[in-house]
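Have a look at this one before I ask anything.
Labels for the chains are A, B and C, by order of writing; each one numbers its residues from 1.
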Amino acid sequence: MKKVLTLSLLGLAIAATSAQAQDYEEVRIGVDVPYEPMEYRTADGELTGFDIDLGNALCDEIGVSCEWVVQGWDGIIPGLMARKYDAIMSSMTINDDRREQVLFSDPYITPPSAWFAPGGTELEEISEESLTDMTIGVQRGTLQDNYVTDMYGDVADINRYATADDMVLDMESERLDILFLDFPVGKSTLLDSEEGDYTVVGEMLTEPKEYFGDGFGIAFRQRDEALAEQFNEALETLREDGTYDEIYARYFEAK
Amino acid sequence: MESLLTWLENQLADNSIFTLQTLSHYADGLTTTVQLVFLSLIIGLIAAVPLAIGRGSRHAWIKWPIFAYTYVFRGTPLLIQLYLIYYGVVFVDGIQESWLWVILEDPFIPALIAFTLNTAAYTTEIFRGAIKSTSKGEIEAARAYGMSPGLTMRRIIIPSAFRRALPAYGNEVIFMLHASAIASVVTIMDLTGAARFVYARYYAPFEAFLFVAAIYLCLTFAILYFFRHLEKKLLAHLQPQTG
Amino acid sequence: MIDLHGYGPRLLEGAGVTLQLALLSLLLAVVLGLITAVAKMSRSWIAHRTATLYTTVIRGVPDLVLMMLLFFGGQIGVNMITDWLYYQFDIDIFININEFVAGVVTIGLIFGAYMGETFRGAFMAVDNGQIEAGKAYGMSSSLVFRRIRFPQMMRHALPGLSNNWMVLLKTTALVSVIGLADMVRVASEASKATREPFLFMMVVALIYLLIASVSEWLFARLQKRYSIGYGEED
């Protein structure tokens, strides 16, 4: 027996949610935009990107309707706990720190992190020595932020940004020497961009696992195991019937 | 110093959030905040004196541009002014190639410019109000002594206006301290920037923000105390005489 | 005509959000301000101390820090309560501290403290003789408050109220930092996407100036109204 209360007072939305996955008719998914090509907005404000398309396809497969809730990155896990939404699908890397707080689906994509610098950069490799006195850009609270802070925090300046967009803009204006982010995002916003000329420096990283985790997963509240299971099964189906490949090609293959 | 550090380390041993690393973030943040606020206030104060005098000028071409400047900078949010200067300068053609870029590249300088322009606008209006309320008798007395208008301004009007402006200016200083929190929006690691970093890394909003709120509160009290003290000293002649 | 690259409608929507936010915060601030003023003048030691603590702490901490504390921390606090309700009584409610609520509550709290000072000064400026006259006519103290103290106080409070409103209006811009799609947020997204920060920031600055000028005019009219019966020098 669940008591359902719906009240609205000064924008204080009090909405009823249920504990059992079977009860979900609508799944609200939290996402942080822009993070092109994973999730971003078109000029008229519509959400699009790999996560959005895959998420919608997963919901169709399960037979629930999806509602996307935009939430800034630094509040995205608290927002899930707070039941502002029921899942997070926002290029979130699976790692142990986060496993303590949320329940992850199987990884749905595993992109590496990469260093991006202007085409004419003198950097040839990434090391403590070569990064000394450089200004590195990262998105605040990401695994890239943690990695760079721990590895190079003592030798380099680290500028932390709220969105990837801010970071790219400061890269274009030459405020940053180099930035460290998910490879697909850097490829889409820097390598494929018409403005400026950028290059990947050094190796792409997926290790050590304590920082880089096991790929991107959909995050759920710990108690929503059944819901996570439904998403895992749907993901399996989409991979088999070719829908996954089609969406993948839409965002990651040459334009 | 060494023993102090070990002591601190022991104190922090059971604490996963307030480690030496995060505390040093807060300490750096404090330095940055104080530098940013202090520098913008000093430069703004120096600029505001001639601007306030000019604002009361009889010449329209001096008076109106200053009025427009203070109106716009006081009428719009500081955040917009900061965005305009931080992101705007980038799009000035050829700026990256000029010597200016060496200065503007660092987020500190655009923020300093925005804060200075903002506080100068407010301070100008504070001074103007104080100058305007100079009692006519004081000016007439100066004239009667044969002082020129320039000398009257320097010797009589400005010193007495300074004193009268003091309480309002104290508020402006506190206002600037609080307004400086937005520097973190353009990647500056000021006090608020440090708090946001700690919050994002440990998902610990109470620890991160309450701690920083306490530091700001202390700074505010220090400023209040300083101005009270200054007022008591400089405005002593206006207090009722006792004894 | 200036080309807003298709962001015109969203910008207008954002301006609407800014106005709603500002007006609701003002409402909350006025209510809190009146309570604070009354508490500060009250003879109750607790009311007096609480009000003083409130105004001191609030005015000592930056708006942005308070806003983040409330937005990020407030949700966790509220959830502790709702989770407890869920486990204890199987009552599943969810109170969402979204950006808008966090904005209204923070700005309301901050300006409530400033309004408290404004109202207190204004109450004290009301001539005591008038209150005594009211009592002599046999008015109850609540009637004296409604008919005499409040309307007269408003006349003295209006300049301070107008000042606070102008500052409050500009403070709403901060809510864009925690993610509310007000006009500053829309403008900053638009300027990054189109690489035209000057254009969009100028437009938003102009809208702020416009709202400020309209309010100035409105307050001047209100002042005239509340000053009926007093000489021009007021």
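Please note the rule applied: contacts are C-beta pairs under 8 Å (C-beta built on N, C-alpha and C of every residue); 3 or more make two chains touch, one makes a residue touch a chain.
The structure presented is a predicted model; accordingly, all values stated were derived computationally and were not measured.
Viewed as a contact network, the protein chains are fully connected, with every chain touching every other.
Of all chains, the one whose CA centroid is most distant from that of chain B is A. Looking at which of A-C and A-B shares more C-beta pairs in contact, the answer is the pair A-C. Centroids of chain B and chain C (each the mean of its C-alpha atoms) stand 24 Å apart.
Note: centroid distance chain A to chain C, computed from Cα atoms, is 36 Å. Chain centres here are Cα averages; for chain A and chain B they lie 38 Å apart.
Annotation for chain B: residues touching 2 or more other chains are 87, 90, 185, 196, 199, 205.
Shared contact sites, meaning residues of chain A that touch two or more other chains, fall at 74, 78, 162, 169. Residue positions 72, 76, 177, 192, 195 of chain C each touch two or more of the other chains. Residues 57, 59-66, 68-69, 72-73, 76, 166, 170-174, 176-177, 184, 187-188, 191-192, 195-198, 201-202, 204-205, 208-209, 212 of chain C are the ones touching chain B in the complex.
Interface of chain B with chain C (complex): residues 71-72, 75-80, 83-84, 87-88, 90-91, 174, 177-182, 184-185, 192, 195-196, 199, 205-206, 209-210, 212-213, 216-217, 220-221. Taken together, the chain A residues at the contact with chain B in this complex read 73-74, 77-78, 101, 140-141, 145-146, 149, 159-162, 169-170, 172-175.
Residue ranges on chain B touching chain A, taken from their complex, read 87, 90, 96, 101, 105, 107, 185, 187, 189, 193, 196-197, 199-201, 203, 205.
Taken in their complex, chain A has these residues touching chain C: 1-5, 10-19, 34, 41, 43-45, 70-72, 74-75, 78-79, 81-84, 162, 165-166, 169, 195.
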